[in-house]
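When the chains are written out, they are named A, B, C and D in that same order, and each has its own residue count from 1.
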Amino acid sequence: MYKIDLNCDLGESFGAYKIGLDDKILPFISSANVACGFHASDPLVMSETVKNAAKSGAAVGAHPGFPDLMGFGRRNMNVSAAEAKAYISYQIGALDAFCRANGVKLRHIKPHGALYNMAAKERSLADAICEAVYEYDNSLILLGLSGSMLLEAAKAKGLPYASEVFADRAYEEDGSLVARTKEGAVIKDEDEAVNRVIRMVTQGTVEAITGKVVPIKADSVCVHGDNEKALAFVMKIRASLESSGVKISALER
Amino acid sequence: MYKIDLNCDLGESFGAYKIGLDDKILPFISSANVACGFHASDPLVMSETVKNAAKSGAAVGAHPGFPDLMGFGRRNMNVSAAEAKAYISYQIGALDAFCRANGVKLRHIKPHGALYNMAAKERSLADAICEAVYEYDNSLILLGLSGSMLLEAAKAKGLPYASEVFADRAYEEDGSLVARTKEGAVIKDEDEAVNRVIRMVTQGTVEAITGKVVPIKADSVCVHGDNEKALAFVMKIRASLESSGVKISALER
Amino acid sequence: MYKIDLNCDLGESFGAYKIGLDDKILPFISSANVACGFHASDPLVMSETVKNAAKSGAAVGAHPGFPDLMGFGRRNMNVSAAEAKAYISYQIGALDAFCRANGVKLRHIKPHGALYNMAAKERSLADAICEAVYEYDNSLILLGLSGSMLLEAAKAKGLPYASEVFADRAYEEDGSLVARTKEGAVIKDEDEAVNRVIRMVTQGTVEAITGKVVPIKADSVCVHGDNEKALAFVMKIRASLESSGVKISALER
Amino acid sequence: MYKIDLNCDLGESFGAYKIGLDDKILPFISSANVACGFHASDPLVMSETVKNAAKSGAAVGAHPGFPDLMGFGRRNMNVSAAEAKAYISYQIGALDAFCRANGVKLRHIKPHGALYNMAAKERSLADAICEAVYEYDNSLILLGLSGSMLLEAAKAKGLPYASEVFADRAYEEDGSLVARTKEGAVIKDEDEAVNRVIRMVTQGTVEAITGKVVPIKADSVCVHGDNEKALAFVMKIRASLESSGVKISALER
């Protein structure tokens, strides 16, 4: 039987600022990537988010980012490998405190935004992240872009890892994401997006933007809970996967 | 045989900003209270500080504070109990990540600055701190002002706790510190300060500012490593304690 | 002819975080209090907000707060008078840069949240704020709680000032706001709230919570643009004031 | 008669953190670049720094940087042109508030660290900076790396600008700085450094690392006040310049 994880970034609110329909999307996902206070979230939000994720049965992962709240962690920052490693350690530990308080076992780590993108391409940054995770708990699963340098680094380090795919993004023949600046980079048709995911999961392939069918590893699909439309799409993709015989379940080592 | 802990706030540097002669004072103290990134420190500093404390053999404790880097955590902030609890959880977890990476067991928690002072008097804040510590690891020792509400809260919660005294501060008859605004609040004579500590440790008493001798519990003496003068005083008090038959050793449950 | 100012806190978004229906409420208010990056807002948001306020014709004021983004400036902070003064200077200058770039003359200053409340009662804090404003531009109008210490300080300093009233809050006989913890502190009936404002403006009186009619000075009414309900109330109060012969216009020296 | 400006970054302390021998170096420089609270400094430090600069007679300039206190503004950040422009406006305005309070006319703007380096090469960033400065006050002098894109942008915008040179850095034949990673990038001999500056000022040339003598524009020399050694060098270079008939004076339009 096929299975796939549905992961979503959660706990991105900060103080008086609210982002995301966390409560509404939790029942439909299997993994929650919880922001850790650098690019988003604060301790109170983290506490609530972990508590709610635990109640819903979603696996809890850390979602560390750059120390750039004003930019929501979406801006490349030229941090050193040592800084990156320390930032990851700090954020994992901070989130894990709320897991411990709620009797939850931290399951995975997924870097956020610019850190995710940079680590997909820069080996030294990827290594720094993997070292921090490994030193904290070498049973934590590193969730990263399918086919990326980050997953190669995890493999080299001996960390369990999982490949993330995107329902609404086009792929190049080499398995990388088509740059957003390129036409056709985003799949706008919801049914097409759903069918692409089912194919990735059940056949291990994706039709690249060139038309050529290429192999792709899909352990987890990234979904969003920012608004009602995103929420509706998650329900749709979940139902479609299940009716195609694909079980939704959290990542496992 | 008498024994006492010498504790010092460490790891208070931040980015390009350096505070404290951490390397120089580490050999002379038994406990390091490491700042956790809210009122001082950053992940890289925390990583280095825990590593160096581990090398020196000092016990490592978390030194959480208010989220007020600009005020160094010294300004009272009217946070709710829920906020305080979450801030403590977050900071303990963040620091513990570096302990885990360095194979160090986190030993104690000492709130910093305004948080320390407020929690000495406000039971709801003291309870919030103790709950966070207890939920994280109920074997952690809470280090607080001797005779304070914070230690009462720890006792009520079932947390191990330790009583901190100050060599250079005068005490009221009820065992509280004489307010800094009052004349005679600070003991300026070094020999007198040393003798007062020896008396607290070996006899369990202190001469209050009124002249009356009152009981005081002393498990740990707070020392400083900010400058050469402070450093010299630590060496002096350590030597005096040892020659008076008092052993310097970290807190134990 | 009677006239009154309708002021609203604007520009409270921060990075990816959105708060307030700024564009929708701008046409209905005469004064915009723009957050300055300490408790809310960021430079890009400030730039946009000033631009939009200028287009709509609303007067632009600075809305400085405590350096506490996580608490949205709503938590009392024990800052010194010198710190408070410097924080005010900094924030006024920062906002004024966007006024200059948009050809707008900064009109008023209204402290935010905990700073507003504390300055209403503590004369040294009130003086610090007024000194900062006076040194920056002694033609700026200080907008504060009607009958508060802050306005007394402004008067003493020789600053123009204006008295703010609240449509939805009950008043004590001495003209102070009934504490939110007390029953009846908030006026929930919209029509009653509107009528109270009209009375304040046209008769200079308010019925205190005790039933006694007391004098009150009303130069400006605080309204909100957080949600559709708040927006509807602003339109209602504006229409009611205008049909009662009260002109809505910005503060003037 | 030849003349040159000696500029130094000042006011980089933050809260309890002290950096720089500001008081000691002020008498020897003609221009103070004052940090504005993003990469360093806080409102109280800015207030003190402007006051002290005014007393000493040094011209006051704004020294804006990236919003990265943890990295001291030394890490490249991928901010948009609109963000950069707003960050510059905000910081100039904030600093100018302290100039107004002290009766000082803000004279120049020098971007800090990574922002300085990136703006020397990226025209869109350079343009964004110049637009912010121009819209604030088109008589402000933009101080940037001699021969850089930033100065070209200033020229194109119609802003007054000034060329900064470094005493202790080697130059390529095209007038750019030799990368720090290259051998010989830093001039370690103090006398050589001093003589190079005198040549730049009096002859308008510098011997490039290749040995070839190339033209260079030198309006201002960057000096440092971080420590006693740096301070001694400033006194030396000042004395040498004066004895070579070069007058030390602040930038003028």
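Quick note on the criterion: a residue touches a chain if its C-beta (ideal position, glycine included) is under 8 Å from a C-beta of that chain, and two chains touch if they have at least 3 such contacts.
Everything numeric here is computed off the predicted structure, so don't read it as measured data.
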Target chain C, source chain B, minimum contact steps:
1
Fraction-based call for chain D against chain C, same above half, different below:
same
Starting from the mean Cα coordinates of chain C and chain D, work out the distance between those two points in Å.
40
Cα-centroid distance, chain B relative to chain D, in whole angstrom:
42
Touching two or more other chains - residue numbers and ranges from chain A:
42, 70-71, 83
Please output the residues of chain A touching chain D within their complex, sorted ascending.
67-68, 70-71, 75-79, 83, 114
Of all residues in chain A, which touch chain C in the complex?
14-19, 40, 42, 69-72, 74
Touching chain B in the complex: which residues of chain A?
37, 42-44, 46-47, 82-83, 85-87, 89-98, 100-101, 132, 135-137
